[in-house]
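Next up is a structure, given as structure tokens.
We just call them A, B, C and D in the order they show up, numbering each chain from 1.
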Amino acid sequence: MELFQYLPQTNCKKCGKLTCMAFSLELLKGNVNIEECTPLLDESKYQNKYSKLKELLKGEEGQKRELKIGIDIVKCDGCGICVTICPVNARYCYSILSGKVADYPPDKHQLFMVKEGKCELLSIENCRRLVTEGKERECRVCETYCPRVAIKIEYI
Amino acid sequence: MSNKSDRIIIKNGLIFDPLLKIKGEKKDILIEKGIIVEKFSSNNNIKEINAENKTVIPAAIDIHTHIASQQINWVRLLGKENKEFQKNWEGLTLRYIARNYISNGYTFITEANVYPSLSKQTIFNFINLPVLDKAMLLNLGNFWPLEFEFEKGKIDEISYFLSDLLSKCKGFGIKAYNPFEGEIWNLNTLRENIKEKGKLYNFTAIDVYKHLIYSIEKLDLPHSIHCHIEGYEHIEAKDNLNILLEELAKIKIDRIDSSRFKREQICHLAHANSLNMDGDNTDLIKFLNNNKNVDLDLAFIGFDEINPIITSDRRFITNYKDSSGKFNKIIINSNESEGDSYTGFRKFSKSNYNDCILWSNSIDLALNIKNKWQVQFSLNFPHYSHVNKIPKIASWLLSKEARKIFMEDMDNKYLKISSIFNNDNVLDFNDYIIITRASPAKSLGLTKYKGNLDVGTDADINILDIDITKIDSNRDFKSIEKAFENIEYVIKNGNIVKKGDKIFLGYEGKIFWAEGKIYSQEDKLRVVSKKSEFYQKYYSYFYNMLENNVNKDFLKKII
Amino acid sequence: MEMILNTIRLIDYDQNKEWIHNDIESMEDNLAIGFINPMDFKEMYLVPSLKLRISNKYGDIIIKFKQGKDIPRGIILMPISMWSNQLSYVENKNIIYKNIKVQVEGTRDSPTKLIELINRIKKK
Amino acid sequence: MINKKFLIKKNTEFKKMSDQIKITCSGCSLLCDDIIIIKHEKDIEKILGTCLKGKEKFNQIISKNRILNPLIRKNNSLEKINWDIALDKAVQMINNSIKPVLYGLSNISCEAQLNAIKIARKINGFIDSNSTICQGQVLNFASKIGITTMTLTDIINKSDVIILWGVNVVESIPRLLSKILFSRGKFRITGREIKSLIIVDIYKTASFNVLGTRDLALIIKPDNDIELIRFLKKYCREEYKIPAGGNSGIDKQDLERLISILLNSEHISILTGQALIKPQGEGHPMKELLELIKILNKYKKIGRVSLMMVGGHYNMVGFEHIALAETGKNQSIQFRNGKSVQTEETIISKLQNQDFDLSIIVGTDPISHFPAAISKNLSSKPMILIDNKKSGTYLIADLILPTAITGIECEGLAFRLDHVPIKLKKIIDPPNNILSDAKLLENILMKLE
């Protein structure tokens, strides 16, 4: 999010992405170079922002980074809020819509499952941050709403 | 207990059995293993009851009561510290209900308003309700899972799902209560009439009634649809009634089995006395006299000290005004999106115009509908009257004298328009037996088991200590009242449950249920699995949770 | 110092859970505990090694304590347990579990043992 | 919203479907009926879907805390006895007493509750359940004022505002929020985005972590609930003329928002807990809250406000319903000559005045819940404990009769916190052929006759 603040935010599409938000996400993952945002380089009014961005990305530039959803097993109490709130889960399983436990064995798209009173991450491949439907998502619902603050989304 | 003998013979009683067309014949009745038989298989251990100069009739059947549901519990809760309620209804406990029903000659009752999600509670109470046989009607007025089918008119799908739902909940029939009126739950407005299309659904309440009627006929359920007309006890109901009757006149259903033991109606109107609040019943009477396929139960008002309100009609509660302000406590309970229920208290009064109309409507309809088989006696217990008012109510029907005496101190405004006061019609004793015993049994599709004294039916019998043939019921209503006040014998499945003043509750009744005729199990499975998905999506429990596992001894499947 | 005691349910400090483990030591560890605001902590000149003595006219107990910045000033929270029950009382047929006025002070004594609580109750 | 082609493609590596059973968890009053158990022969291999609290319930089966034999206290230590002697002893103790009290009953099935009521009727005893000091008080006020209630399906499908008033559901009923707040209903398809949450509490509990931007957090001063409710009662009719100073520690801005939400939402579900059970000053917050709901429902142009009490024990509501149907009263029932009589007493006053000579505790742990003064009174008289696990009461009781765990080792009916009956299933056999609560109480009842 911090990265987004220092972009032009004009959605000029010169970088090839639809929005500046999308570009910032790719930037965070390390898929694109900051130089691909041409206005930042060309226009003098963005000079400040460009140098700030450079600083922020220092040392990490160019490296491809991986999404990780960390679940703190000690804190987790198995309330199942992450299972219910995750939009991917709800799309593939009826019972999750009304907050119920999903069928077992789980659907291959399912991200979270509660097992033995603790939350378990089944697979991350279908997370909305990775699989997009035409529009980039900065989805953090599971992290935001975890009452135990047990979920952490980060890029390593 | 010495009341348990294998064989009972009731000797020389005067039999009244309208279904078998017996009117006051002297006959013996033989009971073996709880069933009426032609001949005993052995002559050991026979108990003899001498019924010389006594009247022998089938036991009574209540087609519309509220006795075992969550709503009743709310009434009990509200009445916990209400002295009048405790005095007159003794907390309305299950044993109290059973005791009162038995002492008034009843052996079968129909709980008329059960939400599928709460059916477990009803079944639990049923099992603890001694002696009486019972059945419950599922309230599917606002049943979302069938929304799509109602819209498209998919009769097959509806009937498959209804059948499965009934067999899961152990229900007996279907009740429709203000169909899809609950869709506008978020607005505090009411729809104009039942012809109005929904705001969220593309169908009308009439469509729901119609599709349910076709589905039930397809399943051939013992009882037809049990219709509650929206806005009862208010002038609005008249419109809705006329709309429904108009629609019903168009429906023609051919039945293969058309014996006189089979129900004729395709639609049953619940507590029909509350529908024409202008006091003018001519249209309804005319319709019933011309159409065999509708019948109705009449809930009589007993003018008790205090009466619980048990309803699910939002229109009723919106219109209900408690003039005294004494009974403004109401418990509103919304049940799993299947509908709301409202409970409270009120007092019927002879000086209230509306209450008098309610009272007279039931008598008017009972007297003027020609075919008594289209009329059933009920009390909407405990909503309209206590069962112990039955002897009094019987006298109003059987005697003009009794009516006149009772009407003397009624509301003046009402007396001015009343036609009852000068109506000379009375029911004869046989008609009374029809509307309290035989007709409810027929309407519920129970003639094989109840409501008559044919060989092979359950031995559910009342013996009255009175010789009806020697009495002019119009004049001597007091003695009839007395005979009904203390029924000498009540026999339930060959067990004497009431003898004189003594009532024996150490005997268990059965839960009657029906599933209907299913033509294709495969299709049924398909529909049910589709519908359980709906439950997964929107309900707080799975569809399979509705399953009631009841011990087989308690159950009796009709179809 | 006068404070207000509120008994609460916490999933990590739940007495039912502790009874299931039936380990007296862990029970004393997890149930003889209170939570207070760091500001109150400072005001009472407490150090983490100290214990708290909580008392009112109904009883007194010694418990460990933890700091929590979300807890309002002047309030001490305790999971419902035998320990907190020493301070709760009955008023007009109602059991008062919440907002109990108590005296709180630091002490070097060790927390009250379960067996002592049982002995306080058991008087035949 | 759901695309059909993604459905029903399961991984084959998982176990066969036949090994899994859907059961109902009896860990708390939510009675989740969607718990999946993977059974391996006779043991439970995996438990899916339960929260930590539910998991604890399953841990109980093999925990060292289980009571497996009838026990009797002799010379301050417990001795094992066999079942016949234990039952005889129990019957003897009951027959010797004149004023027995039965208490607990909210952690057993409805069938067992019914048998307990029958026993109380038989021995002319006094029977009361945990709900006297909890949920039942709401119903008592409801019987005086009236109440509007709802069930979970209504909240899922209709609610747009959920108010947690003095209840920390994240700690007490962990799965409740995922079912009611985060679920997507028929009229609330977007789920959490369209549902807002209001929390009223005295401190920032764990429940506050689920608040979003549209939500409202109200931290009030202790014992000020009644102030706030009275304030709302006054101001919900004359809109937005709120005094600048706010009320009960909440500032004007938040109060304005609260009142606007209360008046303009379609379906408001208020969930309350133990915090409102205590009288505050001269009034009672629960009474005021019920009156507020009544006023709101009258004056609101659209929608409805309804209330649900959040209790902890899994069948607390069940006792109310069973007792109402059986005796016409929901709690604190005194039997005399086989009939329930009007009484002002509750279990608390009975224990406080030592107006009893035997206590039969069923499925609860009063010693750990009651104030010490009352526990002392309780322990001064003979006590029979019927339970499946050790507890504070276990350390005091004179005769202990173990039972099976309902919902795991025996079946039964229970009522969810919103008064919906739910069936509990049996999945494994109990150890040592222990009887269920219902059966054990039935045996005692039969021996009494």
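Heads up, the rule we're going with is that contacts are C-beta pairs under 8 Å (C-beta built on N, C-alpha and C of every residue); 3 or more make two chains touch, one makes a residue touch a chain.
Remember, it's a predicted structure, so these values are computed and weren't measured experimentally.
A.B. asks: Can you work out the whole-Å distance between the CA centroids of subunit C and subunit D?
C.D. replies: About 24 Å, centre to centre.
A.B. asks: List the centre-to-centre spacing of subunit B and subunit D in whole Å, with centres computed as mean CA coordinates.
C.D. replies: 35
A.B. asks: Counting in whole Å, what is the centre-to-centre distance of subunit A and subunit B, each centre being its mean C-alpha position?
C.D. replies: One centre to the other, that is 61 Å.
A.B. asks: Taking each chain's centre as its mean C-alpha position, how far apart are subunit A and subunit D in Å?
C.D. replies: Taking the mean C-alpha position of each chain, the two centres sit 39 Å apart.
A.B. asks: Please list all residues of subunit B that touch 2 or more other chains.
C.D. replies: As it turns out, subunit B has residues touching two or more other chains at 538-540, 542.
A.B. asks: Can you pull out the residues of subunit D that are in contact with at least two other chains?
C.D. replies: Residues 34, 52-53, 56, 156, 170, 174, 179, 185.
A.B. asks: What are the residues of subunit C that contact at least two other chains?
C.D. replies: 11
A.B. asks: Could you classify the connectivity of these chains, where an edge means two chains touch, as line, ring, star, complete or other?
C.D. replies: Per interface graph, the chains form some other shape.
A.B. asks: Can you work out from the touch definition every pair of chains that touches here?
C.D. replies: A-B, A-D, B-D, C-D
A.B. asks: Could you please specify the touching residues of subunit D with respect to subunit B in the complex?
C.D. replies: Counting only subunit D, the residues touching subunit B are 22, 24, 33-34, 110, 114, 139, 142-154, 156-158, 179, 185-187, 266-267, 297, 300-304, 306, 320-322, 324-330, 340, 342, 413, 415, 419-423.
A.B. asks: Along subunit D, where are the residues that touch subunit C in the complex?
C.D. replies: By the definition above, subunit D touches subunit C via 52-53, 56, 59-60, 63-65, 133, 168, 170-172, 174, 202-205, 208, 219, 222-223, 274-275, 277-279, 312, 346, 348-349, 352, 365, 367-376, 379-380, 389-392, 395-396.
A.B. asks: With touch defined as at the start, can you tell me which subunit D residues reach subunit A in the complex?
C.D. replies: Answer in residue numbers: 1-3, 6-7, 9-11, 13-15, 20, 32, 34-36, 38, 46-56, 156, 170, 174-175, 177-180, 182-185, 191-192, 206-207, 209-210, 212.
A.B. asks: Can you list the subunit A residues touching subunit B in their complex?
C.D. replies: Listed in rising order, the residues of subunit A that touch subunit B are 94-95, 97-98, 100.
A.B. asks: With touch defined as at the start, can you tell me which subunit C residues reach subunit D in the complex?
C.D. replies: 4, 6, 8-11, 14-17, 19-22, 58-59, 70-72, 75, 77, 80-82, 85-99, 117-118, 120-124
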